[in-house]
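Each in structure tokens, the structures are laid out below.
Look at the two complexes coming up: chain A is in both, with chain B in one and chain C in the other.
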Partner chain A sequence: MNAKKGVLKVFREAFANPELELTPAMVTGDIRGWDSFKNVEILLACEAEFEIRFRSKEIDRIRSIGDLIDICDEKLTAKTISKNQ
Partner chain B sequence: MKPTLTLSGILSKACHTFSDRQALEHPEGTLSYAALSDRAKTTAQKQSFRSHAVHIIAGKQSLDEYVQLWACMSSGKPFLALNPKFPEQRVLDTLSSLENAQMNAASVQELAYIISTSGSTGQPKQIPITQVQLAHYCDILQGILKIQPADKVLQLGDLSFDISTMAMMMAWPNGACLCTVPVEHVLMAPRYAQDLDITVWLSVPSVIHLASQAGLLKPNSLPHLRLAVFGGEALSYQAAKCFSEAAPNARLFNFWGPSEGCISLSHFEIDRALLNEALPTNPDLAVIPIGFPHPGVEIALQDGEILVSTDQLTSGYLNQFKLNASQFFIANGKRWYRTGDLGKLTPHHGYSYLGRIDRQIKLKGYRVELQECESALRQASGCPSVSVIPIYSDDSTPSESMICGLVGFIADADLYSNTVDQIERKLAIEKTLSALLPTYMTLDQMIFLQSMPLNVHGKIDFKALGSYLDEMV
Partner chain C sequence: MALFFSTPKADDLITEIKNCLKRQDTSQAIKLLSKAEKKNIFHADLFLLGAKVHGLQGDSLNKDLALRRFFAEDERDVLHHLKAVDFFITEKDFSLAQILLDQIKAQFPLSAFPHPRQATLHCAQEDYESASQALIQKQQYGKLDDRDIDLVHQIRKGIAGNPLTFTKQLFSDKQVREILRRYCYERFESLGFDCEFGFIQRANGREPLSLFRWGAMPIDSMIALFTNQFAGFAEPQSSSLKLLLNQATGYAEYRYFDSQYQFEAHTFHTKKNIAITETEETLLPKVRAHFALLARKLREDLEDGSKVFLYKSEKFISVDQCKALHAAMQTLGPNKLLVVMREPKNAPTNNTPYLIIEPSLVIGYVDYFWTDEDNPHKPNISLKSWDNLIQHAYHHFWVHFPELDIT
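Entry: the complex of A and B
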């Protein structure tokens, strides 16, 4: 699963908008209805989508869509490596 | 009552005794007591810090702002924390009110902080609290909670809300570590509590509702917690029960108090045996009591309103002479404050909080406590996050005579997205409500929300609910 595509899927479902487009610089509040509760929903949906668990230190780093994609990407790569070992 | 040490003395002693222990765990890094104190000393020497009588903190919750807070408290410089979410006008009003405040230099030097609260009129009010009061508050807190140097205290409140000062005063005088969570991820608090081995939880009850709704508060999910403290708004039985199951080893406390009384003035330790039933059998427990006054605090009731008398009371709002004259008064040689909170004295659990006086309305000739409707709605829906507001008969300035009914909001993400289930649930809730409430208090409308709107302090935003209702109309 590609992190960028997966995050886009999560956002489109969370905001019930199949046309939604994301840019890496987007932050909380940039989409109507994107508040701190939506953040929890998005993080938990990403965890379910990619079968990962965010540590609090990783959540600390998530300020924008770009940060979220990067961290999902890192975790997916780490998962693939540990599977192949 | 006098504190055992001055505020700067408390922090200086903590720095000396716990120098190598961790004082702050922040997303930008961690600081020991020695490092925090050193950085604060450098900050306190800067011209920009020294040139203003009151230090303004933007409220972005950066690591540097915590250093500034330590610098203020250890050097006797009062601070006022803003919030990036405050509207620009409110910031301007707050700053201009500070400039126009008629305080002499000596009285400013005695202050620990000035807190800006929104107030029911919409005009922000500035509340000065002295260093002596804050130092005394440290003694009060420690007498109740007995924080240990090994504790890790979760800091979720924004800096403009005095619950954040409470977290600092729990941790720092006692050598514990203050652990902060980024503002945009506050509702992930249970995850932080798990990963950081937090032992002391402090939050407004709305955080429990929302975290539980998101599935983050499963039974036994927070076994490391040994203390859980709630405050800032009414704590429902269901929220307390949900949290007690998530944190089976924690002592649970409900704190109450207005900012005018230096953070909190009473507390109630929740006996877990009281939370055994699915629903409270004693109606006094539908909202968890606020319990008994802190040492040195007197509480009295006048027409149901809670009045308090204590040395912990602010000297008065800045530049609000009329308001000060109406809210503060002298009786029997003591100075009292009208809190605007309604309460009653229960036979076994001290005082109970019955809601804000401005949330008591007159409907169809009857006095109605909206909080009582909310307790019934919570019970009938099984959903902890509910709210009830009045419906006004036209769109002019809301006044009591215009109230023509009540609307209940239920935050339930599953039901929100399923309109078929909503109809069935509404009927079932209405049926249960009719058995719980008198006819004149039944709801005229019931609205399902995905989540409850919260204000900048994380409490339920009743104004936003009113606007939502207006938009629907």
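Entry: the complex of A and C
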């Protein structure tokens, strides 16, 4: 599972826009309707998409799309490693 | 710039090579890199991993070749080049990171981006004076931004109260002082009673994501919620939506209610902004999941104990009630609580804005709440008074609980 692709899928579904493009530097407010409420929806959708669970400290670290992708990526790598052990 | 998508094959190989490196199995990593070459799978991260693996094997020729191939992937993008620096800082290969950084600075002399990386590299080597100098250099090319916050805090922590020339210069800067103020506000988490403190945090650069940002519950219910370890909160049997008039927007809004803990919260969903296929029945599970995630987050924060919780009360609450809330929080973790009430009338001026009940429990006072009839700043918040309290309280908690100072 690719974190970048998954996050893009989540955003396209959340904003009902199949053409939506993302950049790592984008932050809350950069897309119409993207507010702190939407952020919870996005986090829940990422948890479902990647079958992961965010910790509170990880959520607090997310300031941009790039941060969200990095955290999803870290969690996916950790999941793969634990599966392989 | 759109996101760069690698092929699934490249992703799998990258993950496998990373796993090999974690196991220190460089020969298997080399085999995987060769496999990528043979299958014509090219990806910038594979070149960086190749440089790392060849470096570990002492093969400097192939290491340099891998780096050259990495840079050739996007020769004109300074951020692409800096990825290599980030990679080798993470790998603690500081000398190679510095060599690459010097090359990048020479290649992109007008770019501000290499300077924060230089500061990161100095911080990694605990040279905070040089890190401060690097951030000051960045300011000559452009402003410091959110990405520099952690660096400022690493430096502040690293110097441990003994600033030298460049560190003093950095910390006397207005922009840096704003960053430090934001950091202070990030250490607090609201427990309600309303969203006034959330707006104060927003005004100081922090947009909180918390259960009580847009929600409230009576203090006795909150004590029960913590004592019960959140049992039964946001469960289907206790959850409901009610359509109520939002005074601020003039629209009827679906409010979320949890009957077990008398929790009420905004959802900002109105009949006008929900999809036409959406009904109360389809909306409720989504809203419930929303508050369940926020409750889970709050519980983790309470178990962790690394934030200062702030409970604002418009009504006077006794010291015993404050102690009861504090005790309930302690059942989950080593928590710090600041209860905020309105300053008693005729209070002497210039008094300390708080009362220490015990090191981890403080009652603080502000001159006006935003909804007070006599608030002269209406409809605005009495920011100066709040800030005075928050700065004092932060100092108090930081002195007693230095572990709060985590970046």
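FYI, the second predicted complex is superposed on the first by the 85 of 85 C-alpha atoms of A that agree within 3 Å, B and C clash if a C-alpha of one lies under 4 Å from a C-alpha of the other, contacts with A are read in each partner's own complex, and residues count from 1 in each chain.
Throughout what follows, contacts are C-beta pairs under 8 Å (C-beta built on N, C-alpha and C of every residue); 3 or more make two chains touch, one makes a residue touch a chain.
None of these values were measured; they are calculated from a predicted model.
Using the contact criterion defined above for the overlaid structures, shared-chain residue A:R55 touches chain B and also reaches chain C. Of the two partner chains, chain C is the only one that A:K5 touches; chain B does not reach it. Shared-chain residue A:R63: touches chain B and chain C both.
After overlaying the two complexes on the shared chain, residue contacts for A:L22 are found with chain C alone; chain B is out of touch. Set side by side, chain B and chain C differ in how many residues of chain A they touch, and the one touching more is C. Once chain A of one complex is fitted onto chain A of the other, the partner contacts of A:L43 extend to both chain B and chain C. Using the contact criterion defined above for the overlaid structures, shared-chain residue A:T80 touches chain C, although it does not reach chain B. Shared interface residues of chain A, touching chain B in one complex and chain C in the other, are 27-28, 36-37, 39-41, 43-44, 55-57, 59-60, 63. Within the complex formed with chain C, the chain A residues making contact are 2, 4-5, 8, 21-24, 27-28, 36-37, 39-41, 43-44, 55-57, 59-60, 63-64, 69, 76-77, 80-81, 84.
Residues 1-6, 8, 11, 15, 18-19, 22, 146, 186, 207-209, 213-214, 267-268, 286, 289-290, 293-294, 296-298, 300-301, 304 of chain C touch chain A in their complex. Of all the residues in chain B, the ones that touch chain A in their complex are 27, 181-188, 191-192, 194-196, 210-211, 214-216, 413, 450-451, 454. Listing the residues of chain A that touch chain B in their complex gives 27-28, 35-37, 39-41, 43-44, 54-57, 59-63.
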